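Listed below are the structures to be examined.
The following pair of complexes shares a single chain, chain A, combined with chain B in the former and chain C in the latter.
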Partner chain A sequence: MTTTTAQIGRPAPRAVRYGSISRGQRRALYWSYFFLVLFVIFFLMPPVYMLITSLKSSAEIGAVTNPWWVYHPTLENYTTLLTQKSFLTFFRNSAVVSVLVVSLSMVISVLAAFSLARMKFWGSATLATGVFLTYLIPDTLLFIPLFKIFAWIHDQTGIELINHWWVLIFLYPTLTVPFCTWIMIGYFSSIPKELDEAALIDGAGYMQILTRVFIPVALPGIIAATIFAFTVSWANFLYPLAFTTSEDQLVLPVGIVTTLIKGDVYNWGQIMTGALLGAAPPLIIYAFLMDYYIAGLTAGATKG
Partner chain B sequence: MAQVALRSIVKTFDKTPAVQGIDLDIADREFIVLVGPSGCGKSTTLRMIAGLEEATSGEIYIGDQLVNDVPPKDRDIAMVFQNYALYPHMTVYENMSFGLRLKKFPKPEIKERVENAARILDITDLLDRRPKQLSGGQRQRVAMGRAIVRNPKVFLFDEPLSNLDAKLRVQMRTEIKKVHQKVTTTTVYVTHDQIEAMTLADRVVVMNGGRIEQIGTPNDVYHHPKTRFVAGFIGSPAMNFIPSRLVEKNDGLAVQLSDRLSLPVPESRVARYRPHTGNEVIFGIRPEHLIEKRGDLPPGYVAFDVLLDVVEPMGMETMVYFIVDGVEVCGRVNPAAAGKAGETMPIVADLNQMHLIDPRTDQVL
Partner chain C sequence: MADVVARDVRIAPIGKRASGRSFVRRKSMIAFMMALPLILVIACLVIYPAFYAIHLATLNKSMTKFVGFGNFLFLFKRSTFWMVVEQSVLFAVTAVIFKAVIGFIVAHFVHNIPQKGQRKWRGMLLIPWVIPPAMSTLAWLWLFDPSYSAFNWVFAHLGLPEVPWLGNPYWARAGVILVNVWVGSPFFMIMYLAALKSVPEQLHEAAAIDGANWLQKIWYINLPMMRNIIQITALFSLIVTFANFDIVKILTNGGPVDQTHVFATWSFVLGIWGNDLPLGASVSLFMFPILAVAAILILRNVRKRGNEA
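Then we have the complex of A and B:
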């Protein structure tokens, strides 16, 4: 009895097969490509569909054909839109608003972040958290109070703020400044304290420390924040929808929707073309600054 | 060029005292090293001289000027930081010239000063590089160069060698000494490394718990420590401390280390120690004064046998550890004479170099 159990307990030696490391790596690579391709298909489908539709005439869009193929490609939608005065006005309004909002937000948030990150004054830590908390409040909650404020200002001063495109320049920073400030606080905090002390001893004032040391060192973060501010102000839909109504005061996202949808008539070809053209500027900016954007978003996380 | 004076400097952080009343006079061109364990207030003291921290009370003079309320940039000082603090987006040349450019110096003079400093530090061919492309030692040279070009009244060094590896640290130590011989600016240097302090300083300031324990030349603090802390902190391996009692014997004063071992106090010390007869004392002796027996014993030398506990060969000498009255004691002997662990070995103590410490006040008697 004992001998049998002993034999069972000692199985015959079996050759262990190890997979090679490079084979394992290659398999992991195949899988990651598989999922990447899946993701790319998923996320590229809408823009590709937009592109295809934008190249079709209204008749072809309405016809029962393969929606993923263009049988009679035409640039008609593009030429119509780009020669239409209102579309160009939307584009100009959007561009002016975005550029000014980005500049304004960056000036405010860089200065705010510098003081919150570096000058330890009474309540600075609470204030820094407060800045972030304001970002958590969605704009859907803000636009009614803002409406009230505008009405109050109108009553008090007679200045009409509603239905002017330029009022967006003051509205968008409520969305961009908190987040940009937050990014910049993280970025500035990751700069070693000795660097500003060295600059201080070298004879720099606070403003010089900011412009000659902090801004150059934190450039990736600044670019990331700039891209964010641009994206928000370029693509925001709710505020312009709520605060602007006249056709010449609209910005691109609202303009496309309000002028190209007439009642229940959807001018799909032009809507898609407009959306595609509207998406182009952020796309171009991303393409050029992508590396900076990623570096900026991750740097705060690892060093901060 | 200037002298620096600190008068009853106190610094508290949120009621936690960091520096508790420091008086220090630093002569023009002197190289002063503040040394002590972490948290002893040495860096805080340096930062107060720099103007990066405000003194809670007391007065700081640079030259003849009271600088308590003078911002760092107007104190005419230069500082070298532990982590170099080079501006990462500037080249070496731009890093070194930053201060001069802020002060709007004429371009030719900036160039001349930077090139001169680069020559002193042997970094002329690095001037176009960025800090990222430099090794630790090179970065520290650039940081020193940034200080030198300013031609300040005082150099401040805040643990500048702590980030370097051991070999480079020794090299840079020599380098700093050389630079100070060429550019004889008043220097305050902070370190926790007592060897750095000994090798660099004209005078060493040993600090502990926010206070100065002793100020003196390296040899002074080494051979004539005033307190138990200084005796134990300076020197490596550290001084041995054995609790004992000072007793009167038939043939004079003696230190009773244990029931079996008592060491006679040498003639030269008798008068000094006589008033403490009968008291508990701490007997302090450095490892290099516990050596192997060689020939006749000169006056003040006493031989006794010890049971070796641990033996550590170092090459040029061997550390032997043995137990005296429950305390581990280290001796430094000739490798040829060292026994093995577990063996008995005759050890000679040079009592002319002994110290007695009052355990109640921690003062060296």
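Then we have the complex of A and C:
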């Protein structure tokens, strides 16, 4: 492994001199570390700056001091936000919507992926391709027609869908279901056929094959898809911005952006605290389940 | 289809000798029922709205009269529209190129260091992708603040001139691209790193014996071996970047003087804020051709990859 891979970051010597390979490799290694540190600084600067600002009082933020350092750390912003009723409402709305969307989309996509990967029916191959294509249709194309459709439903039935947080439960599956189904098809297809044939001969029904064989075997894929669905439904900004407006109906990202920025008055300490708290749930999940997260990320484009 | 039939033939002798055909029918019925929720979600919430958008785009503002291509003709006459087209293309193409280049370079650095340290570095480098973009864009907005910019503070100490980050159209355009590159390049890094791991070590050894330097190894071995993943990732990212909303909305909200609007943000302003849903729908439909072309190319690449494996 180390013999050949370590030669990329090195300023190239024109001719290969024998005996100096190990020295060259060490230098290449040092250069790699040097550039990695630079990139890590670039990539981690905004979140670190969020943390720095969130620990400052408004007076310190307004003062002409070093912005990259906290002279008088305080948890004032955290206590203010976490005792504020509206902020806790945003958090609750976000959590309820995300959990419901994740459960709903996992049930839909696992069932569908099992049927598309294994059982096959008329048109199932076309449907699998269709799932992939719908996953490429962005929310920015769908929000206007959906807005109109929901307004139309209100006119017809009297059920008010717009400006209720729970309407997001119908909207987020447009983003999560196609992708989760797509990667679950990939995982299910990679399970050897002999496994379900054996279960079939033993007299298992399709539901039993799914719950006793496929779900346990493809568990890493299911975890990856669950993490994805959660991250997407936690982070989405467009749908809640378009569909909800009252303060008690907002979810976290939109709540922070619309209520903490009042006119031209920016309370940056609170905004950064809110942003950090809003980023915390996905970050915590990522910290514990990084390998599943990355597996899901690479599976999306390469499996299938 | 053939293997399904073959399997049923094998099972049939055990019990139901005569009912093989109805067994197949029953099986595909169950399969269809299991896929039904997915079909309903896709049909009602994705396919129908997508076509409804086309219908919507042909109506007048109060949605009472059919105006055909009226909305499109109206857009073609507005200079803001052409500015949005230009900015959307510039934004997406520039950002994807930068993301791909940075992702490619960083992936090589990570691949270069000893195996056991790689997980830690990879974990740190992926953080921008994990944070909800709306939240991290707020941090960038604060970093770009006109009076308290932390970057300008550093520049002042280095003796460099102050930069009007979001006040000047050119810097604002550069700013939204920078934030998008920051959010997106970790994804490229992860994809390219996975691709790099699958390049056989023997090829590098053979090249080393032939006296190839690092640049030649990248150019003649890594690039061709990773070609498929590079294309899929770039096309996929092109779709996502082209349809981007969060970053522009929060960072500049289209300003200064509409110079940084992309299709998504402008259609939001026209459709939701301006209360002209048909016009908003017409603007967002302009994303469709590029999305369709990219989607077809991705599908071809994924298929090709499936056949190779």
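Convention: the second predicted complex is superposed on the first by the 262 of 304 C-alpha atoms of A that agree within 3 Å, B and C clash if a C-alpha of one lies under 4 Å from a C-alpha of the other, contacts with A are read in each partner's own complex, and residues count from 1 in each chain.
Here, a residue touches a chain if its C-beta (ideal position, glycine included) is under 8 Å from a C-beta of that chain, and two chains touch if they have at least 3 such contacts.
All of these numbers come straight from a predicted model, not from anything done at the bench.
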| item | value |
| --- | --- |
| Partner chain in contact with A:192 - chain B first, chain C second, else both or neither | first |
| Contacts of A:28 with chain B and chain C, given as first, second, both or neither | second |
| Most chain A residues touched (candidates chain B, chain C) | C |
| Touching partner for A:140 - first (chain B), second (chain C), both, neither | second |
| Chain B versus chain C as contact partner of A:200, first or second or both or neither | both |
| Partner chain(s) touched by A:181 [first = chain B, second = chain C, both, neither] | second |
| Intersection of the chain A residues that touch chain B with those that touch chain C | 197, 200-201 |
| Residues of chain C touching chain A in the complex | 1, 3-4, 7, 11, 14, 27-32, 34-35, 37-39, 41-42, 45-50, 52-53, 56, 63, 102, 105-106, 108-115, 119, 121-128, 130-136, 138-140, 142-143, 145, 148, 150, 153-154, 182, 186-187, 190-191, 194, 201, 204-205, 208, 211, 213-215, 217-218, 229, 232-233, 236, 239-240, 243-246, 249-250, 263-264, 267-268, 271-272, 277, 280-281, 284-285, 287-288, 291, 294-295, 298-299, 302, 305-306 |
| In the complex, chain A residues that touch chain C | 1-10, 12-13, 16, 28-29, 32-33, 35-36, 39-40, 42-47, 49-50, 53, 61-62, 66-68, 107-109, 111-112, 114-116, 119-122, 124, 127, 129-134, 136-149, 170-171, 173-174, 177-178, 181, 193, 197, 200-201, 206, 231, 234-235, 237-238, 241-242, 253-254, 256-257, 266, 268, 271-272, 275-276, 278-279, 282-283, 286, 290, 293-294, 297-298, 301-302, 304 |
| Touching residues on chain A, where the partner in the complex is chain B | 192, 194-195, 197-205, 208, 212-213, 216-217, 219 |
| Of chain B, residues touching chain A in the complex | 50-52, 71-73, 77-79, 81-83, 85-89, 98-99, 102-103, 146, 150 |
